[in-house]
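Quick heads-up: structures coming right below.
Each of the two complexes below includes subunit A, the first together with subunit B, the second together with subunit C.
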Partner chain A sequence: MGGKTEAANGPTKSPAAAAKPDLLPASPTLPSLLSDHLKSLKLKTKQQELLIRVSLLGLVYVLAFVTRLFSVLRYESMIHEFDPYFNYRTTLFLTEKGFYEFWNWFDYESWYPLGRIVGGTLYPGLMLTAALIYWTLRFLRFAVHIREAVNTGSLAWALGSAFGYFYMVSAWGGYVFIINLLPLYVLVLLITGRYSMRLYVAYNCMYVLGMLLAMQIRFVGFQHVQSGEHMAAMGVFFLMQVFYFLDWVKHLLNDSKLFQAFLRITVTTAVGVGAVALGVGTASGYISPWTGRFYSLLDPTYAKDHIPIIASVSEHQPTAWSSFMFDFHILLFLFPAGLYFCFKRLSDATIFIVMYGLTSMYFAGVMVRLILVATPAVCLISAIAVSATVKNLTLLVRAKSKVANSGAGKGASSGKASSKSKNFCTDGIFDKQGLPDQSMPFQRNGAIALLVGAFYLLSRYATHCTWVTSEAYSSPSIVLAARGAHGNRVIFDDYREAYFWLRQNTPPDAKVMSWWDYGYQITAMGNRTVIVDNNTWNNTHIATVGRAMSSYEDEAYDIMRSLDVDYVLVVFGGVTGYSSDDINKFLWMVRIGGGVFPVIKEPDYLVNGEYRVDKGAAPKMLNCLMYKLSYYRFGELTTEYGKPSGYDRARGVEIGNKDVKLEYLEEAFTTSNWIVRIYKVKPPNNRWSTAAGHCCVQVQD
Partner chain B sequence: MEAPAGLRLALVFAVLVHFSLLPTSYSLSSQDLQIVSAERRIDLTSHITRVYLTLKVENTGTSPPASEILLAFPPTEVDHIALLKAAVTVGKKKKKSYLPLDVKPSEGPEAPNETKFFTVLLLNPLSVGESLTLEVLYVLTHSLEPFPLEISQSEPQLVYYHDSAILLSPYHIKQQITVIKTPSTKVESFSRVEPTDHTGTELKYGPYEGRSPYSFSPIIIHFENNNPFAVVEELVREVEISHWGSLQITEHYKLVHAGAQHKGVFSRVDYQSRPSLSGVSSFKHLIARLPPRVHSVYYRDEIGNISSSHLRKDSRKSELEIEPRYPLFGGWKATFVIGYGLPLQDFLFESSDGRRYLNFTFGCPLAETVVDKLTIKVVLPEGSKNPFAIVPFPVEQSLETSYSYLDVVGRTVVVLEKKNVVPEHNSPFQVYYNFNPICMLAEPLMLASVFFFLFVACVAYLHIDLSIRK
Partner chain C sequence: MARLSLIVLITIIPFISTLCSSFSPENPTDRRILVLLDDLALQSSHSLYFSSLQSRGYALDFKLADDSKIGLQRYGQYLYDGLILFCPSIDRFGGSIDSAAIVDFVDSGHDLIIAVDNSASERIREIATECGVDFDDAPVLFQGMGHSLNPANSLVLKALSASSSAYSANPKTKLSNPPSLTGSAISLVSVVQARNNARVLIAGSLSMFSNRFFRSGVQKAGSSIKHAKSGNEQFLTELSKWVFHERGHLKAVNVRHHKVGETDEPAMYRINDDLEYAVEIYEWSGKSWEPYVANDVQVQFYMMSPYVLKTLSTDQKGLYFTAFKVPDVYGVFQFKVEYQQLGYTSLSLSKQIPVRPFRHNEYERFLTAAFPYYGASFSMMAGFFIFTFAYLYNK
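So, the complex of A and B:
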């Protein structure tokens, strides 16, 4: 049962797929039917166990994989989101040019005119894996190995986890979460007095090796010992040394009084030295302060006030309750139950699970995208809850049935059970607890009812998960599907239409300016140089684009000339009613642009704090470049029967400026549903322009 | 095609001047054949020019019977000839039938200004006093020259066609007529060589009487032609034979609109709301004619599936209507891949000597399309020996080796290359090879043995107790 719950949960776009299997050996319950069936096969215990484990693991993997195929079946095999296009492109480069070329790759096609040193600014794990497994672009990240490292305390596992960590570091920026979670865990263990030699071995080995390996990733580099985010891990590392040292001294001294004094001195010195080192490091700038993303994790309102570029990403928004419900379904209720069971049987491993679950839950509440991190923890804890409940219930049911049979049968069964491994908990627990009280006549019926209920819930959950995967998480953002007037499926493939047009019909060295969301896609699918892309490393550059988009056309033209822009690409949903278009993202452009260039002021684009595009819109709004490019000649078009021409279906209003004239740009291409519009920047007029005076706005960098 | 009109005219005049100075020196070589009547029909309705020529040739001389007839072309036209076919008519009226004749390029007699010749080899020599009727078809590509070179979205496409009102021939022509068919009545201008007549979509030059050999009279016709100028710059067709029952075909296209270049803006509003006035020379869909019983058809490009295609199947043929991602205006390009599977038994046969042979259609499945460079790769199954291809027209042949799933020694690939391919080239060709059916079993056996050993290893692992303690 445990296997099924988790597998069905796999699709929620999570690293859980890889994380789950580690849990399985620990999650004990199996459908009694299956075990009965297996008994009849008369295999040895070891064989049975192996068979069940292998087949369950296999099933989980297959299910996790198969659910991901939903999108391929419903749409086609392609990359659906924005970011993976970069991974795809780099992997392609890696497989074509080899590792060293890749490591030293300077990408001219993005961040024109700055370029981007790709080798030094990415987490290469994914590309390397993909290059190894070739096109299989799968986000295989894993973290839970670390738990086992403590369980067995073996050096080999710690090494394994160190490599696991290395892999994680190389694959994903979210590794910072792990590096902070682990010290926290160790700290809790220390405080609760569960310190042991194996913890010391495992953590030290993991930290040192993991750190050294992580430094091999150029993007991470010395950040590992310098940045504030990694300080916690380092601090705990030193604390461990002190602790071990104390332990050793205690062992040597054998005198509690002397030891108390010594303890006081060492702890004070250690803490003092640590604090001073940290203070000096931060003050001298050697230890870099925390990055904005990290702050926004701890304080959800931080980004909104200080870094609009982080706040502008929808993935960074706080999670809504509905999306929690949508993603976790019954797991949301099972989670606290699981926590309860964890606390009931407190051990090193469960402490880790509890901490992992709680912290990730908090972070998931802060940022939508971190639900991914929470998923494995939630699955794990819920699985514990389910298995514990089902275990207890089956116990009741079986006990009754066995009493009804005969004493001899009971004896044989318990004898058999004790010979089995502890993983067969159904029997194991039964053996320990003995027969339940027979005085409650409705107990059995009640238990059966509850069991049926639980199975019903779980099956509903599985259905829900399948539905969520196929409906919500398998629709690509690059291809839009809608229902036509006759119920048939209509596909809006405008993005690719535009990108392919760029690829085929523009000069190979053309530079395309667009909002950064589309940067990776333009470089990967359109094969053209972009000004900014999804790797938002240079805020000023993005702000320059934001400024161009929110300026008047002549001002924007100067900026575009200074950036050598040949084409401008905007996304417009007014014809189709596609709401995540550039007009709806426009306020972020204004904010980000205004954050660097104070000429751009947000209130200029608002009317009484309200964002409008109709007749009542602010004059600056009606004449800025983004408005003009989006609505150029839109006023002539009737989009909906019974509405005036120029009716914007995405915002449900008639646009305010129907007579848009372009002076410095011309329409180069508009896709069939108008979703992507590309404009060509005209060469400068061949005359002694009076505009020469204010030409070339300097781009500060 | 690209040669400017002025240069071409200069050349033509040079030829004429040459003729007038030395009128007799060439007629010697033309033996004693003469053309009693010549009728030429030039079809300009699409971007592929087709010329149907009917010649009545008579041997009037005293010398031995003539076994070949020469066809003359100006050098600029020769490069555009994609196909040249000749046939002789046998029988009268109702029993009339055509016997195809061999045609080959030849040096011919010494001729003014690099006139090029093709020799038609007659089945029976034409003896003195006899006559025969020759039917000639030749197809020209890239012979329509857009003018103006660049047009905007709202303008129609106008093209030039250059030719001679009088048929270029090494023989004396007693009577001749040329009829030119244009796609519409919109003819901007045309040269007059009296008598010239323009009615509807037809332009008639002639009849002209008694023209001496190598006479030439250049004409230019400037007319509207909005037919899709669909040119595939490069087409690679891969035909993979699997003896397990299917033929997998993958076709890589590099399509371009070879008409007048698109200039200025592309306005979606105009294109959507006024389709009859806006972008008339552009095209947005093409039809590919595929064999019947086609299955697993796909249409995609480098960035994924293209959802705009329709397949219609009946018992005789399949029609795949494809739409590129965007309408193609002059100069715009699109690359895409079409793939499909076919049942093997329709195409693979065994000849009497035990060889297998594939019988497949040459050319490009897209209707009314010129292919500048066509490569057909026939991938034979692993273990095939002694392959060779038989193609009804000259092509370049070579062999390659390719590797697919589970291949050990690789597959032999027969590569056929041809430039300047027109729909008339869609005729069957054969690839013969020797194949031992045992080779079919190699790959399944490999797979089976791998799994077998895997399971054996598992069984062994479970039965051996590796622990030291007892």
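So, the complex of A and C:
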């Protein structure tokens, strides 16, 4: 279940996803220009088509790669976000120690003191690809630092996802989407009567081989035949056998009445046996129930009520309309149009596209991160719409001017259609449309106006995509940028400052406690042991940290002592106005902590259901560890001209407890913009055996 | 009680800076001791006690407590290994010494003896409270002050407690309320051993160190036997030996562990490994390290709670050893020896060691239970072959 968080290399991929569409709609314009030139070269239509296809694909790849360079240009060559740091660290390990060590890697630097079996709890595809590229380059006598290899590795992921289900499984937990989409597709085909031998062979081969291969990934293992998520695929697999068997019997019997009777018996038995098997399997625990993440996909409110740790990840929040608009731009309107064109000429392939588009669109609405899954589908369908529209319009224009030249038009159009190997559909549309009616007046002018409008939209879209990629998806969350008072760019590099401080100034076996978001970064950049990290496999352990953060200092001290914590790291945005800091995440710590330890109660931290940090805040809030660590010495500081001291810029209030005193911890390091604050846990009092008047809290997992 | 007259004398004794003979882990007995007095007359009235210390090799440096030139450290180095405060009435220490400096002195591993009289100044009370001892305000019959121990601090002990019929009150005033401190809850002499093994002695009576008390005869109430000499001398001498680490000091060395049959210490164990653990423990006799012999030293294999707890066997020559199996749980474990024996320095050893699960090729290869499955797959393969041949060549 933890797998998906860990494999959320999502954010880095989004630029590519966002980048592709801006070429796709533009593609029909290119061939129309090119075809004129190519005609003079007297190439054959087939060759033309091939050339255009290859060059277009090449351009797509180049563009996808180039958009990724935005971040390097705007910041520097570094690894973004949180999860890629884990990928980086594991890849480094893989290249240094070799595959078998990697496969059996027991990492004792994370999840102290439990440790983590890395080899068995990750999707190794990404690291293997990166390492493979690295080794290849090494073989070619290039000295590359592994970091670059990781960068190209994530690109290779984008390219290589087509290589197959196995690769998908090995690289990302999102493969579950595919394994459920495919049976659904097969089922729809069966119902609509499009069943064929081809389908039978393809699906069975895919399922059996894919399953066997996927089981080689240690993290997946027997989940493939046991977990509820994979049951749909298995069910459809058996259904196909039954269906084929029935087909065969029907062919053999040649008697409809006999067959009817036979059908009734077989179907009843098959359904009965299947239901019993599923029931027994679930009841005996052999087939695990669906995981919470899966439920939360079907019911967006599920996670919020039951599993705070899933709901706490911002990527798992339902998508807001604005972010749909922001990411998809005009594609949002072209999507339904594309669906219309797909339905117009229904084939096995278009059915798949339609289903892929619809399901992924639904899931994208449920979880922000699944926009990634939806993006290719949306691009594809929108491209169909644009392509069809533009073709119809150009046809109108051409038909008016040169009715006779339909042959050339056809050649050109097949070139356009080939832009993204979806000519199956556009060709069909073209065939069906035939030549438009010539009787309508102003048709030509109207068509030209529409064409110009469409091109204007597309160019606006391309601009928008470039802007989104450079502004929104190229900012590494580890380095923050803001606009200064004079419009100049201010860079806050506090995270790295803090991690390097840890690396340089703490003992090598020091244990650092922080909220799990920063775990991967601390191990990768600070090279220190962490208590919890982004691989959220042990909820109790995370809840223990959440409990420590939301307890009073003395209670938290006992918890920290029991976990051998030496340093505590908090992220604080009160000085810079950085809003995704620990105080704003704090309610999730309370919820997650309270989910396991009922002594932590959310209402204790709220006032009339309101979360506040100013004078009106709840007393427990004002004295819990997280508050104290965030606001220690903050009361003396004037952050903004004309405001009282201790004015929190991230929340826009004057804090309620300005006189924070620490008894069991001492400030060790605060970065230049106060974004990261590190505290040292003091050793127990030399002359006193127990903390005055408090008994020990037993913390056991 | 005879009140000591106060004579102010300023003596300038050069600082002894013989760093070579100072306190060290190898030779834990203190060497240089600063004695702070209210009155230099104490030097002669308590000379028996001081000379017993000097005869055991201590260099005593007598100073008046309000001497403006005294200091415990210079250039960040402590000049003394131990401190004796025979200055119950001092209100303000001279030089760079204050109560915080004395507490820091103890926290950096140095030893301290405090004795008070009928009176104890705020400063002295402050230091005692820091060590978990609260003086009661009334003098009791042994000519001094009883005190109570803070129940929250388990590091402080009574070395001498009052008899069960005693009570703590001022004998010169009329007793109107029942006394708050009674019986053996009253501590007359207390000792503290801090976590860093610094030792502190707090005595409620300064007179008990005096020559007069050392020499005077004593008769137990209700008993006819007369002792020619009180036990004060022996009691306080032995206590001072303890405080200045001549007695009861342990050291643990050579902690080692390895798999059974190997000698090198591995960086990591696997679950279910058999391992051996050994540690050597010695006791300081005042002159040399002698093997420490006990049968209650235990080792824990610990990850948030002890998974294995074993009593170590000893060869009577200081070596303690045991062997056990690593539990079937992976994680970052610690070998922990927490040995806290009354009167001895506490030993607290911990050594971190990760325990990993099986590697993919360390599992059993052929399971008997799985033979039906092996049979199934091989028969399937054979069947596939036969059918292929049958279909291909048997038209």
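Going forward, the second predicted complex is superposed on the first by the 599 of 701 C-alpha atoms of A that agree within 3 Å, B and C clash if a C-alpha of one lies under 4 Å from a C-alpha of the other, contacts with A are read in each partner's own complex, and residues count from 1 in each chain.
In this section, a contact is a pair of C-beta atoms (placed from the backbone, for glycine too) under 8 Å apart; a residue touches a chain by one contact, two chains touch by 3 or more.
No experiment lies behind these values; they were computed from the predicted model shown.
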item: Which of subunit B and subunit C A:Trp103 touches, first, second, both or neither; value: second
item: First, second, both or neither for A:Tyr461, with subunit B first and subunit C second; value: neither
item: Touched partner set for A:Phe597, first subunit B, second subunit C, both or neither; value: neither
item: Touched partner set for A:Trp516, first subunit B, second subunit C, both or neither; value: neither
item: Contacts of A:Leu114 with subunit B and subunit C, given as first, second, both or neither; value: second
item: Which of subunit B and subunit C A:Asn505 touches, first, second, both or neither; value: first
item: Touched partner set for A:Ser562, first subunit B, second subunit C, both or neither; value: second
item: Subunit B versus subunit C as contact partner of A:Pro684, first or second or both or neither; value: second
item: Contacts of A:Ile491 with subunit B and subunit C, given as first, second, both or neither; value: first
item: Residues on subunit A engaged by subunit C in the complex (per definition of touch); value: 103-104, 106, 108, 112-115, 117, 119, 218, 509, 562-563, 683-690, 692-693, 699-701
item: Residues on subunit B engaged by subunit A in the complex (per definition of touch); value: 264-269, 272-273, 301-308, 325-326, 331-335, 462
item: Subunit C - residues contacting subunit A, complex; value: 103, 106-107, 130-132, 152-155, 192, 194-196, 198, 200, 268, 303-305, 330-333, 352, 354-357, 359-360
item: Touching residues (chain side subunit A, partner subunit B) in the complex; value: 46-47, 50, 76-78, 491, 493, 496-497, 499-501, 503-505, 525, 633, 636-637, 666-672, 674
